[in-house]
Amino acid sequence: MFENGPVSTKSRASDGIAHPSDHEPDERGHFGRYGGRFVPEALIAALDELTTVYDKARGDREFLDELDRLHRDYTGRPSPLTDAPRLGEHAGGARILLKREDLNHTGSHKINNVLGQALLTKRMGKKRVIAETGAGQHGVATATACALLGLECVVYMGEVDTERQALNVARMRLLGAKVVPVKSGSRTLKDAINEALRDWVTNVDETHYLLGTAAGPHPFPTMVRDLHRIIGLEAREQVLERVGRLPDVVAACVGGGSNAIGIFHAFIDDPGVRLVGFEPGGDGVSTGRHGATLTAGSPGALHGALSYLLQDDDGQTIESHSISAGLDYPASGPSTRCSRTWGAPSTARSPMPRRWTRSRCSRAPRGSSRPSSRPTPSRVRCAWARSSGPTR
Amino acid sequence: MSGVQQIFEGARAEGRGALVGYLPAGYPTVDGSVELLSAMVEGGCDLLEVGIPYSDPVMDGPTIQAAADTALRAGFRLRDVLSVVERVSAAGGRAVVMTYYNPVLRYGVDAFARDLAAAGGLGVITPDLIPDEADEWLAASDAHGLDRIFLVAPSSTEERIATTAAATRGFLYATSTMGVTGARDAVATAAPGLVARCRAHTALPIGVGLGVRSADQAAEVAGFADGVIVGSAFVTAAETGGAGGVRALAAELAGGVRRAPAPA
Amino acid sequence: MFENGPVSTKSRASDGIAHPSDHEPDERGHFGRYGGRFVPEALIAALDELTTVYDKARGDREFLDELDRLHRDYTGRPSPLTDAPRLGEHAGGARILLKREDLNHTGSHKINNVLGQALLTKRMGKKRVIAETGAGQHGVATATACALLGLECVVYMGEVDTERQALNVARMRLLGAKVVPVKSGSRTLKDAINEALRDWVTNVDETHYLLGTAAGPHPFPTMVRDLHRIIGLEAREQVLERVGRLPDVVAACVGGGSNAIGIFHAFIDDPGVRLVGFEPGGDGVSTGRHGATLTAGSPGALHGALSYLLQDDDGQTIESHSISAGLDYPASGPSTRCSRTWGAPSTARSPMPRRWTRSRCSRAPRGSSRPSSRPTPSRVRCAWARSSGPTR
Amino acid sequence: MSGVQQIFEGARAEGRGALVGYLPAGYPTVDGSVELLSAMVEGGCDLLEVGIPYSDPVMDGPTIQAAADTALRAGFRLRDVLSVVERVSAAGGRAVVMTYYNPVLRYGVDAFARDLAAAGGLGVITPDLIPDEADEWLAASDAHGLDRIFLVAPSSTEERIATTAAATRGFLYATSTMGVTGARDAVATAAPGLVARCRAHTALPIGVGLGVRSADQAAEVAGFADGVIVGSAFVTAAETGGAGGVRALAAELAGGVRRAPAPA
């Protein structure tokens, strides 16, 4: 009646980087209009080096095997797919399956990306890693990987976040990382990224900036996405095995966008599957105190990429708000951005899900200037929820 | 020849380096910044670099961050930079704007270029925009006759120096050190080498910035570069000594750039 | 060079209950002199019912399959075995492998036992579950399983522990459990168990007491042990597959003893493998402020079983002390007890590991009165460590 | 016939139920507990149940827990229970000890039986020891001529009632309700049925405890059982009224057990 034995899935953790998909950016990291590199020239050499080393690692069996081995024996991949029948009942009879990235070592999907980048750091011969963190999940994952591989680790964290997430600060310190409370700006995640970028510009020779989400300058959005593609690759196989068909909907919360693109990616070419991203609603989108960058943001360049931002009429970043420290970020990654419907439907500032489209994002014409307002058939939705998101 | 380049050539003709002084528009207030910038001109700055205060200034150290915060808290709006440029230009100053890219993008790249040119601005320094991403800005700056000053760094490859210089108009901005803005005790040892590497790829004047705060340092930089760019030190001078302090620092630095012979 | 693919292990989560070992207690739950049922008569019927239902479930494929399915899809079993090369280096060159029960859903081994007992609760037709908790790990696991299966859940927790483990209190409440701070006695784990037993005596008809460690009256020590045997079954297979031979030593921390007996059990019949239990050393065994029940305790009856206790000359329980809330318990389970060397070696109150023996514990003669002081060849050791134990 | 059983038979001969009163030794102090127990005898208790304060009294509600804590904090030691029994017995009281098993185990089961018998104690009530685990205690109580009072509960099967009664000497303790000690407003409805079930298996007198606190309840229980056991209500009386309060409650309850005819 029930099948038993270990979780069976054919995908390896490294498959997302080993096998490029049909949804690649152009060679300078543009997903349509979005992405790219909006960073000081001082960082370009490091980004180029990272791109080269990453591209080489993707084809290197030894690297891929090491990544697979760590994800199997250290992270605990594959992560299970859990039926949530009581939630489904509560939701009116849906069959809801949870992809259990929370069961990974360090407690979130973040480790998928972190281990990959930490191994690349070693390949580049760098001995020092810096990272930003909001909730502390990425910081903990990074501190953990650095402890594993013997790398020096400095984590920048907004002072506000160090207070509300004191437990994760303690974990990082226990793991040997230096946690630097960032006192500038809004003293949250975005300022931690600013500070990490400043450190990077200064120490780029010996330092890798281990960015924690599918944002930032090229190659980060693509690389982070690919390191997380295993989420969707596994989930797709698991749901087919368990249910015998593809799901109607795949949903994910969107902070920077790494977990969302990680699971969505495997379903982009499945026309019957709706992809729904949930953004932090904060006090409600209409109040302006929220983190719904895709729903209520506009295109802009922040932290190295052109993407959707919460910004005022002058292009100054607006502070985001969420009950979840981990989703409290005023932008999200360009690779999620590329599938957004250009244009502003009338629901833009109402609490309704916002429509996205799933356009092929590869090698779209560049410099196509501002978004047109042509509405596109919806297959991806972006919703906001007052209290969505991880609690830790 | 572009407006900015002429300033450098003028200094060179006098056998000295050009002095470029930075202060954020709107610091400590809009009127206050006009006064400070005017004092810079009076003290002997050849070119003003008028900064746009921005919420996320990743290339700036604490001194300039704090000044930008002060300006934003005092109510600085993006359009204020145009009036600041207009007023200092009217008073005889020659100004470029230094800005992170997002405010420009938000304003509209072409609209910004048009309005800045109309206000008398000569060009824009873009610390987080590389030529690779600058198609729209290249077009707009061409359309409105603005100089565009890109940056090179000690980590830039020969190839990138060449392409960056090719896209640049006015002067090429060489960051003398890896790092963010902030006055330093010593000018980084990487600077002369970087400038020498740039000379191999371009005839543009080369300005060196990041860390200069004294006449001696200015003299040292003017010994191998065409212009000396000073930022944080002016903010500190404004903080502690107001317009008088800024005027005095400009005068001191102007003395510095005159001390050493300009490179051939 | 590295093998890849999912963790491979042949054992199913239910194997520990489906396949009785050679180390069973007598039919009244005595492991040698230890174990048994030192409880009010009022509870005997419930314990008998539990014994019967459990014995039936052990042979029921449907039950075993359901347990396996949940452990695979919900808990995330098998848990990986992780090499810790840097720790091994630090420890003078040992190869150290970690059995990753921390990667289970809810973050510890506790869920192995909890899911089994929660399914049994349903089988008994009971709708209410009570549990004790110290650190909160068992409480969280129980609250989770109750939420999964739609059972009412009340968790007793010493008031002192509710304060030092406030985060876990919040988690339990979020999961719909009622957390009752216990204000009697030392206001820690032992008093939480007292209070749970009082509740059980009063409400035993509709209530199952979901005990969290391999202690308490029969059948708990055996049942909890068997539900945790999967730890050792998997670990043994994994180490053979990874290293090609058995380990020299298997080590575990000992609170009530459930994780220790869970991993030790699979190695009891391997003569070359030393089994070392680490007890909480608190301020040092010589100070009397510790939790080293096996090292410095003496036989006694507490919470339903005869086992080793921290007690004074009058048989009054002595409060235990540990930096780890989860190990802070003045007794430990009779199934771990049975393999202890009777007698008091001279190291008893010194900070040295204490010798155990690994006697066959099945059907030893009963009523064999007080321990003799015959020293027995050592294969199992009991050590104390000043700061051993889980940090959460 | 055992000493304890004789007490019950004596009461039955008077056509009434026996009154058994509980108080912890050492509460509030060792001397104080002797005084309170003596007051119980004076008030009309037929048998004293002298509790041993214990750190983990899982069958007790808050009232008795608090009294035990008070005794332990006041320095009660296990040997004190022997002197308490000795003193109340010397003063004409007849006493059994009520104790959780671990203190006995720690003292040594045989040694405890020996010393208790020497002190004049008649037997021991063991709330957490079932006959299945009592081999050592059965032997020791035989060796030293002590009664051993085991408990049955509403949840006990017929088989367990039979085997428990068979191991019991003195009287069979029927817990009238599922639950811990503590005075209740109503005697649980399960009690008469449980007593009736016990009668089918044993000729031993049957005492009913848990929850009795008034003359009316005592009369009700004495209507179907051979003895009425009162604990928490005595602790409360001692707390609020001292020896006088205890004596008055004993007298009231003694009236209660005389009101109803004892069952045939």
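Which chain is which? They are A, B, C and D, in the order written, and residues in each are numbered from 1.
To be clear about the criterion, contacts are C-beta pairs under 8 Å (C-beta built on N, C-alpha and C of every residue); 3 or more make two chains touch, one makes a residue touch a chain.
What you see is a predicted model, and the numbers here were worked out from it, not measured in a lab.
Summarising the inter-chain layout, the chain whose CA centre lies farthest from the centre of chain A is D. Chain C and chain D have Cα centroids lying 36 Å from one another. We define each chain's centre as the mean of its Cα atoms; on that basis chain B and chain C are separated by 68 Å.
Taking the mean of the C-alpha atoms as each chain's centre, chain A and chain C sit 39 Å apart. Taken residue by residue, chain B touches two or more other chains at no position, since every residue touches fewer. Viewed as a network of touching protein chains, the structure reduces to a simple linear path. Touching pairs of chains, sorted by label, consist of A-B, A-C, C-D. Residues 28, 36-46, 48, 184-185, 190-191, 194, 197-198, 201-205, 298-304, 306, 309, 311, 313-317, 366-367, 369 of chain A are the ones that touch chain B when the two sit in their complex. Contacts from chain A toward chain C in the complex involve residues 1-9, 12, 62, 65-66, 68-69, 72-83, 86, 100, 102-105, 147-148, 150, 167, 174, 391. In the complex of the two chains, the chain B residues touching chain A come out as 54-59, 61-62, 65, 69, 72, 77-78, 101-107, 127-130, 132-133, 135-136, 150-157, 160, 164, 175, 178-180.
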